[in-house]
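Read through the structures below before going on.
You will see two complexes here that share chain A, one where it goes with chain B and one where it goes with chain C.
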Partner chain A sequence: MNTALRRAKALILSTPVGAAGLAIVLLYALVALFAPALAPHPPIKAFADSVLAAPDAQFWFGTDGNGMDVFSRILYGARYAFGISIPVLAIGMVCGVPIGLIAGYRGGWVDELALRLMDVLRVFPSIVLALAIVAATGQTLANVVIVIAILDIAVFVRVVRAEVLTLRASGMVDAAINAGNPTWRILLVHLLPNSLRGALAQMPIRMAWAVRVSATLAFIGVGVQVPEPEWGAMIREGSEYVISGEWWVALLPGTALVILVIALSMLGDGLSDLLDPRRAGRAR
Partner chain B sequence: MSAALQLDDIVRRFPGPQRGLFVHALNGVSLTVNAGETVALVGESGSGKSTLGRIAVRLDRPDEGTVTIAGRDTTRLSLASLRPLRAMMQMVFQDPWGTLNPRRSIGAAIEEPLVLHGKLDATARRATVLRMLERVRLQPELLTRYPAQLSGGQLQRVAIARALVTNPKLVVLDEPTSSLDLSVRADILQLLRQLQEEFGTAFLFITHDIGTVRLIADRIIVLYLGSIMEEGPATSVLASPRHPYTRALLSAEPGTFPGQHRQRIMLDGEIPSPLNLPPGCPFATRCQYAIPACANAKPQLVQGVACIRSREIGEQPAMRE
Partner chain C sequence: MAVLRLLIRRLFFALPILFGILLLTFLLVRLSGNDPAGVLAGPTATGEDVIRITKQLQLDKPVWQQFIAYVNTLAHGDLGRSWLSDKPVVRELLIRLPATLEMVIGGGILGALIAIPLGLRAALRVNGILDHSSRILSLIGFGAPTIFLGLLLIYVFFYLFGWAPPPMGRLDLLTTAPPTITGSYLIDALLTGNWEAARSAAARLVLPCVCVATVYAAPLIAQTRAVAMDVLASDYARYARACGLPPRDIRRMVWRNTAVPVITYGATELVALFGAAAVLELIFSWGGVSQFGLMAILKGDFAVVQGFTLLMSLIAMAIFAVADIVVMSLDPRARK
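Up next is the complex of A and B:
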């Protein structure tokens, strides 16, 4: 326990921003996990007699246009944020890392083909592309996840490929061939563990992006719909009341979203700092 | 007994900056490295010496010519069918830091070739690794360390142990000491000599450092723009170089004592582009002895020297003043 504490202290000292980001993200994760226990009201229960109630002792963050408790809905919304961004990250990495690995290792036309395919994904404005695909394939949560994940693949391909190329140039691939390694072993034992640094540093940043894009899609009205307690959908629903003075309906879920996105970005910054080989030097 | 390495008429060209243009890295190089012998391959950067080393252990393939390792023609073998042969041809790279997997322990790195060429069980492998570690004079406790915890000299010893652990017939050493301190360098060279006596391995030692050649080589091969200029026993080439390029190369070596200067032969003239080599002697553009005939045909290697004027030039030993 003592060592765990000391480690935590060392982490906070070496990257205070990253540690703060991590703390906030963990807090959100706990909220997502324990939302049913923490929420004072069911998230989709409409209180017909208190529609658009201002924040008070009963409804801490007020109620929305359907009379649902905004606070409870924000807590439940964390489940959507993680429920979308974690599978997005998983799919993006599971597809992107091997493609980047093989493209960097094989080079030649394989590399060229992979790069061109990724360029195709990158030239479209991501929101527009996601919008089009989700609108065309059907507005299910699974489709939203898959579309955002596909857009993420390009990022992981790029960072992993770049690191594989560096390892190639430093002679690690030649040395591995020289030692008698078969190709699969070069990829899995020698290249993979040494080319994940960039991908790891990207994880929180891509997660923040997934949270943002999924909320944007919901805000535009694609994907998750009211009455589901999703932040983007909540902001959409609340946006019409901002002018009439019921600011809490849109502003409070918006704040929850912004804080999570910023915290994830802070975590990403801290992680890149920690994983930076120049900073870590040659010591372990 | 067949030679450890035999290269016949090796040609290697790489795609150039435009379609149809090629970088002519090696232009018909033939050489032999006998069992237990150290051949130094010298030349300036861009002479093709590293490419030749990589072709010898088949990390690269020649466009023309044949590569024979211990009597086996490896020229046309695929990457997969070369695998079992790698135990007998090894390479020590210039930068040990970049070639060792930072996430694998020193013990795992040295053991890896044994695992992959799988003839020994775990106990025997461990014993071999420990013996190897002792041979390269590293403490056994380094086995569990990681590359980041070792010095450059120690890492190069690890790389040498890894190369020799399968008892290969041939080891190509590509400037193995150029990234090391001078004091460590002498140590490693001495170690290599000892190991060679012990294992009977043939070394192809790639270097541009004449001092290193003096310490280690039995024979010298001088490469310039992908062609052999001169070849011969180390003692005679060092004492009386016959090719003008070898003379210039040797004259660039710093003196042993401060203040002692050799007559440095300065080379004027352009190095021909490897994209477009002249039909004649590749060195003619920079050679102070060049005559018009030099530009006509590429001189063949005759009695160890590729120079049509070597006999006349040899009569002017006053070069060193």
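Up next is the complex of A and C:
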């Protein structure tokens, strides 16, 4: 127990930024889990007599244009943030890592195809692509998740592929081949654990990105619709009040979003420092 | 000469990518389940109207024949007509392009001018004040989505301080637009000596450009710093220091060697800015091509969507080509 504590302390000291990021992300996760217990009001209950109320003792963060409590809605919004970004991450990794492994190891037409597809994704602002696909396939939450995941797959393919390429050239793989290992064993036992490092460090960064993009899509009006307590949808609802001074409707959910995204990228910075000591002290 | 050869090679590699994008958007539109004839005919149309339009658009033919026909008209520089306004798509896109370019390029230049010197300085003095502030700046720029940044700036500078004009369009209400030369109000007004319009256009540009610059600067600072630190840690940099070269010369050397990867990276990020611009244009009612494309996607005007995606890819390729040329002029190794 004592050693575990000491190790945790050493870890925090080695990347204070990453540890701070982790603490904030965990706090958000707790809020998402216990939102019903923490929220002072139901998230979609409209108080008709206090529309656009400024922050006060009853409504800590004020109310929006429908008279709904902004603070409660922000708490519930954390559920959407995690509910979208975790499946996105899972799909992105489950599909992207194997493709990256095979493309990097095999080379040839598989690699060529993967590269060309990534080129197509690269020359395209991803938000526009996501929007076009969601608009064409139907505006459901599941489609939003799938589309963002597809864009994520490309990132994981690229990261893992690059790691595999350097590992291939390192001689370790040649040694494994000459020792008579079958291909599946080389891929799973030798290449996968070694190349996962880059993918792991990418995870919080990709999560931050997914949170940001899904909120942006909801802001545009795609995916989650307005009465739902999602941060992007809330910012959309509040955007018309910003020029008349009711700042809390849009800017408070926005702040919640920004803090989570920054915390996730701090965690990502810390992770990549930990996983790759050569990079320590350098920014992403 | 080398530049010409590079451009030809670029074009050669670009063709399959362009083809892929065409096919992707085409399939997306056809598989979306939206019936173009139904949309075009409108809600009051009879069944016969729909059939006539279906024939006219050749929607009754197999999908691959439709695609060939589409590519064929495209090759003649024709993107068809908007399903909603019935105006030629090419014209609709091109009259709106300068507004977007004005905002993205203005903001991009501003962002690069802040990010690159800051990243270099941060790398030269690791853990200095500048290093930490650049790291914070880059975290904020990465964390704040454009939607939040735009609204925050509007609230602070328009509502609270009243310094910025209202976020509605590119010119003040009572200002007449200058005659179109480049399409950018600011440049056109300056060219025609219309100071009133120039002042108005410039004031309107400030907030959107600051947003674009922040979004652009954030990753660029981090990248510049990381590359410059690699260069500083390299054997040749250490040798140069060991030989006692003055810091000014070393800084110049670090910059030259940092520039190449940073420019390539900056080009990729610049392409992504056109996506961010769509949202910013929405917030500032800018009326550029990104907002137009966004609206076309939302309204299901797929003739415009196809044209828009094509335009975006062409812009991306042009940016990459320019970046390549700049890199070649800086790096003798790239000239081979």
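Going forward, the second predicted complex is superposed on the first by the 276 of 284 C-alpha atoms of A that agree within 3 Å, B and C clash if a C-alpha of one lies under 4 Å from a C-alpha of the other, contacts with A are read in each partner's own complex, and residues count from 1 in each chain.
The working rule: contacts are C-beta pairs under 8 Å (C-beta built on N, C-alpha and C of every residue); 3 or more make two chains touch, one makes a residue touch a chain.
A quick note: this is a predicted structure, and the numbers were derived from the prediction, not measured.
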- After lining both complexes up on chain A, report clash or fit for chain B versus chain C. fit
- After lining up the shared chain so the two structures overlap, which partner does A:I243 touch, if you call chain B first and chain C second: first, second, both or neither? second
- Message: Applying the document's definition of touching, compare chain B and chain C: which contacts more of chain A?
- Response: C
- Message: Tell me the contact category for A:P182 with respect to chain B and chain C: first, second, both or neither.
- Response: first
- Partner chain in contact with A:S170 - chain B first, chain C second, else both or neither: first
- Message: Between chain B and chain C, whom does A:N194 touch in the aligned arrangement: first, second, both, or neither?
- Response: first
- Note on the structure: Once both structures are overlaid, the C-alpha centre of chain A sees chain B and chain C separated by an angle, to the nearest 10 degrees, of 90
- Query: Looking at the overlay, does A:T137 come into contact with chain B only (first), chain C only (second), both, or neither?
  - Reply: second
- After superposing the two complexes, the shortest C-alpha distance between chain B and chain C, in Å, is 13
- Message: Output the chain A positions appearing in both contact lists, the one against chain B and the one against chain C.
- Response: 282-284
- Message: Quick check on the complex: what are the chain A residues that touch chain B?
- Response: 170-172, 174-183, 185, 189-190, 193-194, 282-284
- Query: Considering the complex alone, what residue numbers of chain B touch chain A?
  - Reply: 54, 57, 59, 79-80, 83-84, 86-87, 90-91, 93-95, 97-104, 112-113, 116-117, 146, 148-149, 159, 162-163
- Please name which positions on chain A make contact with chain C in the complex. 116-117, 119-120, 122-128, 131-133, 135-138, 208, 212, 215-216, 219-222, 232, 235-236, 238-239, 242-245, 247, 250-251, 254-255, 257-259, 261-262, 265-266, 281-284
- Interfacial residue positions of chain C with respect to chain A in the complex: 16-17, 20-21, 24-25, 28-29, 31-34, 126-127, 135, 138-140, 142-148, 151-152, 154-155, 158-159, 166-167, 221-222, 225-226, 229, 268, 271-276, 278-279, 282-283, 290, 293-294, 297-298, 300, 305, 308-309, 312-313, 316-317, 320
